[in-house]
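Just below sit the structures, each encoded as structure tokens.
The following pair of complexes shares a single chain, chain A, combined with chain B in the former and chain C in the latter.
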Partner chain A sequence: MQSRMPPQAYISQDWFQRERELLFKPLWQFVGLKMMLAQHNSFITRNIGGIPIVIQNFNGELRAFENLCAHRQNPLQTQAHGIRSLVCGYHGWKYSSDGKVENMPFEHEVFRYEQQERECLGLKRFRLETIGNLVFINLAADSLPLNAQFNQALIAQLEDVSNAFDSEVLFTTYKTKLNWKLAYENLRDGHHPRYLHSRSLYQNVRFQVAMDETAIKHAKQYHANGTKDHQQALDLLAGFSNGGPDEPIKTRESYAWHEYVERYSDKDWYYNWLIFPNLHIASGSGGYSFIIEHHQPVSADRTDVMIYYVTAKKKRPYATSAAVLHAHLMGADTVLREDFEVMENIQAGLHSNAAHAVLGDYEYGISAIQDWYMDVMEGKVTL
Partner chain B sequence: MTQPPDLVLIGCGIVFETIASTWPQLSQGERKLQLIRLDSTDDAANAVNEQLSLLNNTEIEIFAAIDQNALNFARLEIYGQARLLGLKSTTLIHPSAIIAPDSRIGENCWIGAGAIIASGASIGNNTLINTGARIDYGAQIAANCWVGSGASIGQYVKVGQHVVIGSDINLGANITVGRHCSIDMPGAYLTSLAEGTFIDSLFPSAVHIYTSKSANKTMPQTDITAKEASK
Partner chain C sequence: MAATKLIIGSAPQVDLAIASWQEIEPDLEIIGIRLQQDNAYRFDLSELDAIDAKRCTAFVAFDDQFLNFRRYELMAEIKSRGFKMPPLICQGTLVAKTTKVGENSFIGSGAIIDHHCQIGYNVVIGAGTNIGSNTVIAHSAWIAPGVVIGAQVKVSANATLGHGVIVTDHIEIGKLSVVDKPGKFSQHIPAKTFIYAAFDEDIVIVENRNANTHSLS
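Presenting the complex of A and B:
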């Protein structure tokens, strides 16, 4: 089955900008973990499709704003994470939880705004919602509700699993040279671990491709007919995010620290959640620890892959917890790099006359997303 | 003259092999050496527990020698287990190391060949200082650390527990390195590092561990690379 995705979808900067308007603006975006925003004045900064965002805790309430001062557009918070009130470092304006300028030093001496102008000063605010410890924001004022993007069963699972996360988090960013869509396609490709990860992940988890004949038939019909209407587009969208127990683990290692945490489940399975468009949560240890992988698109050929490692909630603090997280990072790094290398090679080889991909039956999941995506990008449906 | 107690060397890795092979020099022929060599650093304490409990604690001293594995927790497992059993552990200093008389060095420490420990410096228990490393005036290195070969720690630097400082790393004077850091990209570091920071050539941007507690104390620094730090 020939993919509808032209090479431009992966390499063109114009395309990337259109994608931001048609896809990233209407969709809810994962931005971070609530555990890292637990205290008054704790914040994170992110960049969503070129828009700088700050999420800040105001006395327990999380707010999302554009991270640019209303005075001269200086970024308010300059670090990725921290604890600091929402104050601009340039001329000292301080913002309140509604985004208004709460304190403007020397307001009457040097700024002397007209009353009406002064009242309009404020930050651009975005909608924010949480599912358990997962924080999402939305860039559009009138977009779909979060529970239209994800189905109820998934929301319940995500709430459950993310509430099991401990508050000690290891965080790092890999700056990769690939289009963000290659990452979600790769994650939905159950056939590659046997080859690409033959000496790493596949040793422990024997991933099987699921040849779901009904789903394959539907994907083919959909490929031939396209999206009927808005409602079908939404139904399909909700179906793109799913997960749960994936494959049994061949041999689950046990470690002393397992006793110190409240395991998320009692099954020795590999857990996997794919959250469209760009979030992946997995547990390779049967619920003792988790990786949260977020593909933040920077440009057509650049993606910041933000990685968080957490264990399940501690029953009590234990001395080796930092070493445990460090070991997870070192362990998973090999697999991540194997994936990045292949995706970066594909990205580097693409050019405007490159052929379209030819998808096999097992890639029905990728095919459905691509067909849906192209209908959105070609304006046949709007979200 | 009483005979010094025999030494039981337990572990594996670079420091273990170095001590084993230079023992005649280290002991000046006066002490006997017994080796307990481990196959791996996993679950080290359990692996040696039985052997340790058979040792007579008045006639021997022990030295736990495992490299920086798991932020030095693997070595601490053995050292801690030996302490629980009432065994005495010792500190070993290569004869070519230069140690200021007013420096302080804890137990189960190793000071490798050619290392220099300056006046007023202090080294906590179970910390290994490798070949040719230099610890400057007044620097404080906490317990359970690893300082790689050729690394230099500037004067008055403070290094927290369970820190790994790789080879050929230079820490500028007066900085603080929080606990649980691992710095493994050679270069000069001139600013303090928050606890739970990992700098490694594998990771282009620094890795941080965030806890609600640590975020309170120090502002984490983003994206420090050795290149930027050495500017």
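Presenting the complex of A and C:
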């Protein structure tokens, strides 16, 4: 069936801006891992929906603020992560956990704000929630509850799996030339690994497409009718995020470091969690280690793919733990670049008169998301 | 009886070490043991079981795999069997007399190492490398051929410097870091930081141990 997605959805900057307002702003968005925010004053910075964000630990409490000083809009934290008070380096303003200016050097000598003006000085704050070690924020004032975006079973699974993550985290960012939607479509396409990853991932995990006839029927019905019903749209949204054991691993090697971590599961399966809109968690080692892949939209044709690697929790520190994480990334790098190359080729070829995709039955998951997405973008439903 | 040297490791490094030992000690009897690794990267060392450690010395020649831990593990295993493991300082190097070189380290042809440097054990310094005075290269580091390292630099344990890297004076390269991107590095590189030309951003490892946070909306 022909996709409803026009090429503009992937290439138009105007479309991208509208998408930020209609889709991303109401949704809870992953921003990082709680393990990187474990100490007082530890922080991470991100750019979410064009807004610079700082997530900061204040004596164990995580808060999300716009990362701009209330004085002259200088970024408060300038590194991607670290441990530092929430202080502006420009004029020394220090902020407290409620976002108010706690200390303003030379306040009475040089600033001399009126009391009312002084009381209004503060940082824009955003809602923040965690599921286990996964940190989400919401940019909208009247946001959806988190459990409307994700169903309870998934929340329980994500809590369980992310609580198994170790505190030592490898992190990097790939700056890709592709629209973020190509990434979620690629991840929901179980047919491509046998071709694209025939010499890498597919050697060890024989991904099969799931021809779920009921789901195919529902996707076709939805494709024909769409929805204008808010509750139905929310129910569909909750169904877009799911996961668990995906396929058996052909051969799982036993490495020395396996003895040093508390394995998440005793199954030799490839675990996969797809969390709409732009988060992917997987374990290709049957629960010994995890990749957390976050597709952060930058523009219509740019996506920062932020990669985190962790092992399952260490039983005790061991000398080679950094080498284990490094080796994981070097292994995953091949597969990631295979995916990026195809997606960047698709992106480069798209133009305003390009044909719509024609999806097969096995792509019912992609079809359902695309139809729902178009209902949101065409204003038939609001989140 | 001529002295015997066991050279143990992976094929390319063993071949280089054999050629280098032959150049500096032509009468040395050399036995090269080229190890295979299984899928879990374990070595089969059974070939060594019949060899008397008192009758020969050994040298481990292995690459930078697993942030240099494989070479370290192999050296530790050989050492535990009682073998002496003198360093291999190739022909044509210029190593100052005040510089100390640890066991099982390799210094390639044409390398110049200035005075009062400390080269730890199990270090590999590639051919043509230039190292300034009072620099410390900690154990199990890997320096690719042609790298230029200034004076009073510290290259920490298990660090790797790749081709085309220049490290300026007084800089510290953190433990377990990899700098494999040609260019001049004039700032300290934190431990467990991996810098590759093929990556858009540095790869970092972060660890905060005090994980007692809770969220507030």
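Here is the rule we use: the second predicted complex is superposed on the first by the 382 of 383 C-alpha atoms of A that agree within 3 Å, B and C clash if a C-alpha of one lies under 4 Å from a C-alpha of the other, contacts with A are read in each partner's own complex, and residues count from 1 in each chain.
Assume contacts are C-beta pairs under 8 Å (C-beta built on N, C-alpha and C of every residue); 3 or more make two chains touch, one makes a residue touch a chain.
Fair warning: this is a prediction, and the values are worked out from it, not measured in the lab.
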item	value
Overlay on chain A: chain C relative to chain B, clash or fit	clash
First (chain B), second (chain C), both or neither touched by A:34	second
Touched partner set for A:135, first chain B, second chain C, both or neither	second
First (chain B), second (chain C), both or neither touched by A:170	both
Contacts of A:63 with chain B and chain C, given as first, second, both or neither	second
Dominant toucher of chain A (residue count), chain B or chain C	C
First, second, both or neither for A:127, with chain B first and chain C second	second
Contacts of A:349 with chain B and chain C, given as first, second, both or neither	neither
Partner chain in contact with A:84 - chain B first, chain C second, else both or neither	first
Overlap of chain C and chain B interfaces on chain A (superposed complexes)	35-36, 38-39, 42, 81, 83, 167-175, 256, 319-320, 322-323, 325-327, 329
Touch list for chain A against partner chain B, complex	35-36, 38-39, 42, 79-84, 167-175, 256, 319-320, 322-323, 325-327, 329, 333
Partner chain A, residues of chain B touching it in the complex	43, 70-71, 73, 162, 179-180, 182, 196, 198, 202-212, 215-216, 219-223
Residues of chain A that touch chain C when the two form their complex	34-40, 42, 57, 60-63, 81, 83, 127-130, 135, 167-175, 251, 253-256, 319-320, 322-323, 325-327, 329
Residues of chain C defined as touching chain A within the complex	39-41, 66-67, 69, 176, 178, 192, 194, 199-217
